[in-house]
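Per-chain residue numbering starts at 1, and chain names A, B, C and D are given in the order in which the chains are listed.
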Amino acid sequence: MNSFGTIFRLTTFGESHGAAIGGVIDGVPAGVAIDVERVQRELDRRRPGQSRLTTSRRESDTVRLLSGIMNGVSLGTPIGFVIENEDHHSDDYQQLASAFRPSHADYAYTAKYGLRDHRGGGRSSARETAARVVGGAIARQVLETVGVDVYAYTSAVGPVTLQGGYEQQDRRLIDSNPARCPDEAVAARMIEVIDAARRDGDTVGGVVTGVITGVPAGLGEPVFDKLQARLAAAMMSINAAKGFDYGMGFAGCRKRGSEVNDPFMIDSATGRVTTATNHSGGIQGGISIGTDIYFNVAFKPVATLMRPVETIDNEGNKIVLEPRGRHDPCVLPRAVPVVEAMAAMTILDMLLINRSRRL
Amino acid sequence: MNSFGTIFRLTTFGESHGAAIGGVIDGVPAGVAIDVERVQRELDRRRPGQSRLTTSRRESDTVRLLSGIMNGVSLGTPIGFVIENEDHHSDDYQQLASAFRPSHADYAYTAKYGLRDHRGGGRSSARETAARVVGGAIARQVLETVGVDVYAYTSAVGPVTLQGGYEQQDRRLIDSNPARCPDEAVAARMIEVIDAARRDGDTVGGVVTGVITGVPAGLGEPVFDKLQARLAAAMMSINAAKGFDYGMGFAGCRKRGSEVNDPFMIDSATGRVTTATNHSGGIQGGISIGTDIYFNVAFKPVATLMRPVETIDNEGNKIVLEPRGRHDPCVLPRAVPVVEAMAAMTILDMLLINRSRRL
Amino acid sequence: MNSFGTIFRLTTFGESHGAAIGGVIDGVPAGVAIDVERVQRELDRRRPGQSRLTTSRRESDTVRLLSGIMNGVSLGTPIGFVIENEDHHSDDYQQLASAFRPSHADYAYTAKYGLRDHRGGGRSSARETAARVVGGAIARQVLETVGVDVYAYTSAVGPVTLQGGYEQQDRRLIDSNPARCPDEAVAARMIEVIDAARRDGDTVGGVVTGVITGVPAGLGEPVFDKLQARLAAAMMSINAAKGFDYGMGFAGCRKRGSEVNDPFMIDSATGRVTTATNHSGGIQGGISIGTDIYFNVAFKPVATLMRPVETIDNEGNKIVLEPRGRHDPCVLPRAVPVVEAMAAMTILDMLLINRSRRL
Amino acid sequence: MNSFGTIFRLTTFGESHGAAIGGVIDGVPAGVAIDVERVQRELDRRRPGQSRLTTSRRESDTVRLLSGIMNGVSLGTPIGFVIENEDHHSDDYQQLASAFRPSHADYAYTAKYGLRDHRGGGRSSARETAARVVGGAIARQVLETVGVDVYAYTSAVGPVTLQGGYEQQDRRLIDSNPARCPDEAVAARMIEVIDAARRDGDTVGGVVTGVITGVPAGLGEPVFDKLQARLAAAMMSINAAKGFDYGMGFAGCRKRGSEVNDPFMIDSATGRVTTATNHSGGIQGGISIGTDIYFNVAFKPVATLMRPVETIDNEGNKIVLEPRGRHDPCVLPRAVPVVEAMAAMTILDMLLINRSRRL
């Protein structure tokens, strides 16, 4: 179950403090130019230690692509890749060998498998998402050849919320600040909230908004693989995700149909069918209709606090965990490239599946 | 892609106005007592025409189980079933043959397949969810043998919201009113909102809350098949669903870690590990921890209005659709058993998968 | 696991003596003309009681297609179908409730599931293959639109073997005799062998040869889903199949490379790449090369003898089974349409998958 | 499609002359002791250059396991692994950049993907099977904990055939000679045949027999995933495989039912159900019955001859390929560990799936 997708499929492996993480990207169409350096650049956006907002762990996170590409072009064969682990402070984790940290996966993994790699979360660590970013960086390059683009940004951190829909944001500003929020003023307030949490040895959650443009009409499969169902699964599989909605989302469901139905019209520029409004979020009946897809993903505050925490160990004894290691006070900025990666892989998979729906 | 699940798998077929709908339920463990009448009763809860809140279409929706059960016990072989379609007012739909109704699947299906069954939504009709209820009714009976229980209720309709978490509701009251809200006073207000919408030829959306109790710790698969990812996909595959969150959900993501972490403790009654609070919603690291799982699903207002609607046809001409046929002003009450069915099937599938994780 | 295929996928259900058998055909491309009567005609070729060579059971085996087709054209949605069971002589099977018939599935199912439907083999009955023929009849019609054709014939019954490769046979004669062997003289000897076996209350096995023409180059997926691997799985999933080989097969593996390598050449008529010989059987490296695909499937003699048989019951007691019911003395003629169906579904699935391999 | 299996699943990547090959082994149950050195030893049995019968290429084929194992015990998480490629004589392959070698995958890959890695076969090289051996070596260790054992041997090379069934062979002698045939005299004749072929710049094929003991009754899934169907797919996915049969196989299908039915009896030693004979090959109705499973896999002669070969290039021009590089004259001895690996992975997958068939 460490695979994602049907035709375009990413399989990942690796514990955070084992030898390496990596994966296999299967189903890349043949003959697509792949820029390996762009893959590394995407990975750098997710890397720890990139700003003061994120963990001070420094990992170079260098990806090595091992197959499936020759002379800069995809062969149609699987792309294997490895990212070596390098920053092993395993001693930091010794006290965790028998502890169940609150709201971590420690107890869950032990209950499931009878044992676990306690070092830094092992398989449950968000480090696994680096492999997703590699897969997404490949998917994105394939999608670009058919005009599909994917981006995401931080739209809420704690009580600070970016007002206005995605169409009111200046996408070029997203990476201009460490919060990855396209509004500089709002970003500054988000950074304050994160800094305040860190000073308190605390953490804070928020929301990432994702946008997919240029999706051709017709992607998504009735009935169980509706495009929104696939996107939801993709996003909710990211560590710390607690919620997903798309289009008008939760808020729109409180309204009347007459307020949120999207009238069809002919786009005068292209002559193609489009809608006057887009409460639908680019998907109707589980299938893309050619308008922008947009969605939100809620991420909980990081569970690891930098303060003493009472909990129990695997024998039920009460213990106190002392703060140790280096941790993000807020996962949101680094979640942005992961959301993008999952969106890109989802859309590419559905695009490839859709090619078999008509002869 | 008309299949759901890995080991326990439902495959469905059928257009709303074709000969029949139905499906195949694969992976039911052998030797489980199956009460066929309970399957029909579950189906009756989803049936149209059951109250004044729902469409006046009357369909008996009688399910016929064709295989996989002998002498009231599952054989381990697939259970095929058929529900005949009977209430064909296809004439009602003649004007829809070439129309793209706003926020319906008409245009999407045409874009994808090049043609569509225009009668009543065809495959995109929520009638397909009847097959899910059958699958869920079987899954539920299997789950009961291991102590897992699933229920859901309407927690919001338009602006009316049920206050308090699931643990504050009296489950026995859910089916006591046509809104399927466990608080009679709130239910009455929901009914008013629905009635008002109908009087206006309009519709209204809302939220269903689902609860799963008795889930053993250990269900859910890292990393892409986290339990919440599977639940999200299940719920977002239901017609009209626009959002999903679980545990503390979107609201909890605005908080600090210190506010929402769930301290571990030993349950004095059972001697087992549990948590003092349950912001996690019963899942940590993608894996159940033995506490209650709870989640919300947002449903948009029904797209079919009972008033003239301007739109375009498949040649781009502007047309006006006159209201015709019989439609729900609010899908929430009938969505409740569908949410339950999808939850039951998801949990059973994960439970069966988990049996292979240790020898 | 009652599903076959990835994109084009057949899911079946049904016990031989339950209410009905049937299935769901998913992944049929939209917009293909489907001749429903041809589906029934294919089914008639598999039907029991069609000649004196086969069982005297008479079942009309009428298929009812319930969805996925409108006005004779596929909608792209799943095609559900049901074949009612009608010829219930369940009394014939009463003595089998606790018996383990030699070389039947009785013991195997009991060991797996703890119980079984003993009536006529239940799920293990070859009656299930009727559902495959329906799926194959749909697949075949889709394949015809791209020029792919599938046929099969009986090439051996007991010691009688048809000499010469498929290219030396007159395909039009296959259905001209009850043995389904394209050589009338050989067919007559096969019929003698079958008649002799029946007179002795015995049974006899044989070989079916399958041929697929018009397959475009490029079908088949490295590395685990090589075209021959998929074909082998398809054929070996048919009841009573004991062996599969393709191209030069077992015999060719005794030879030297210089004897069996296929020289490439340009077909002067088409200007396309082809081979001077076809020991490869139309597949190289797991991928079709555009030449004819041919293969053999060995079927064991039917296990049910019409003579008293010593065996044990489910408590280990020795018992003698008296011959009862009506059974084929030789499965080969009726296996021919099943082999064709499995081949057609396999090729169509690979053809649809292949559409995603280049953008 | 570079994945094999459902619950226990191997995914592989890598071209023969790229940076590395490797894979991900998913679904290993947690808590199983894994001897990493045994994995390497299995790999050494497949390694080129191990005897004069095989290619003189020398590759150390050192596997590096990157995850999923801690302190010698499986974590239940995926085991990633890499085998670096090292013996790059890419110059040897320059003439192959545009050539279509007879009975190789060159043309097939070009037809499918529009381009190919021509160096040493790229993805179509049998080098990929090294990754299978790694997966098989892990599966084997899991299977041993439940008493299942797998082995294989060379039973035919060209015209030389080992007489007698597997139960008449001394398994301990298999690895005592480079032919991997358990009969020393027959092995000597096989070696002569291989040497003679090599002297002629030619190659020769043969048959590997596989045996699986200790399989519990109940493995295998009706109807499409019968145990023999899964085994056939596994074996036919190995490079150069042309045929598969099991139990009495092709030969037994020429006989009468009375000759090959297996009478049930109670094993006096164990008190369990068994059969007096085993023409069934340990499988009935697609499900294991607890007796030995045995099967044959036919491998064609290696297509690469060490003599000038006429063929065409990708523009249709006639060309002559000069012999170059180093190649096996016979693949059989090195196919033995691959057959074992595929058998082990197939059985383990079915064993894990079967755990969900009863509660």
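Following the convention adopted for this analysis, contacts are C-beta pairs under 8 Å (C-beta built on N, C-alpha and C of every residue); 3 or more make two chains touch, one makes a residue touch a chain.
Everything numeric in this text was worked out from a predicted model, so none of it was measured.
Chains making contact with subunit C as well as with subunit D: A, B. Summarising the inter-chain layout, the chain whose CA centre lies farthest from the centre of subunit A is C. The interface of A-B is repeated, with over half of its contact pairs matching by residue number, by C-D among C-D, A-D or A-C. Between the CA-based centres of subunit B and subunit D the separation comes to 46 Å, rounded to the whole angstrom.
Each chain gets a centre from the mean of its Cα atoms; for subunit B and subunit C, those two points are 39 Å apart.
Across the assembly, subunit B contributes 1-3, 12, 27, 30-31, 76-77, 112-114, 123, 222, 353, 357-358 as residues in contact with two or more other chains.
Those residues of subunit A that touch subunit C in the complex are listed here as 6-7, 27, 29-32, 76-77, 142, 145-146, 222, 352-353, 355-359. Residue ranges on subunit A touching subunit B, taken from their complex, read 1-4, 12, 100, 102-109, 111-114, 123-124, 128, 156, 158-159, 197, 200, 202-207, 217-226, 228-237, 241-250, 252-266, 271, 273, 275, 279-281, 283-290, 296, 298-305, 307, 309-312, 316, 353-354, 357-358. On the subunit B side of its complex with subunit C, the touching residues are 1-3, 9, 11-15, 18-24, 26-27, 30-31, 64-68, 70, 73, 75-80, 82, 112-117, 122-123.
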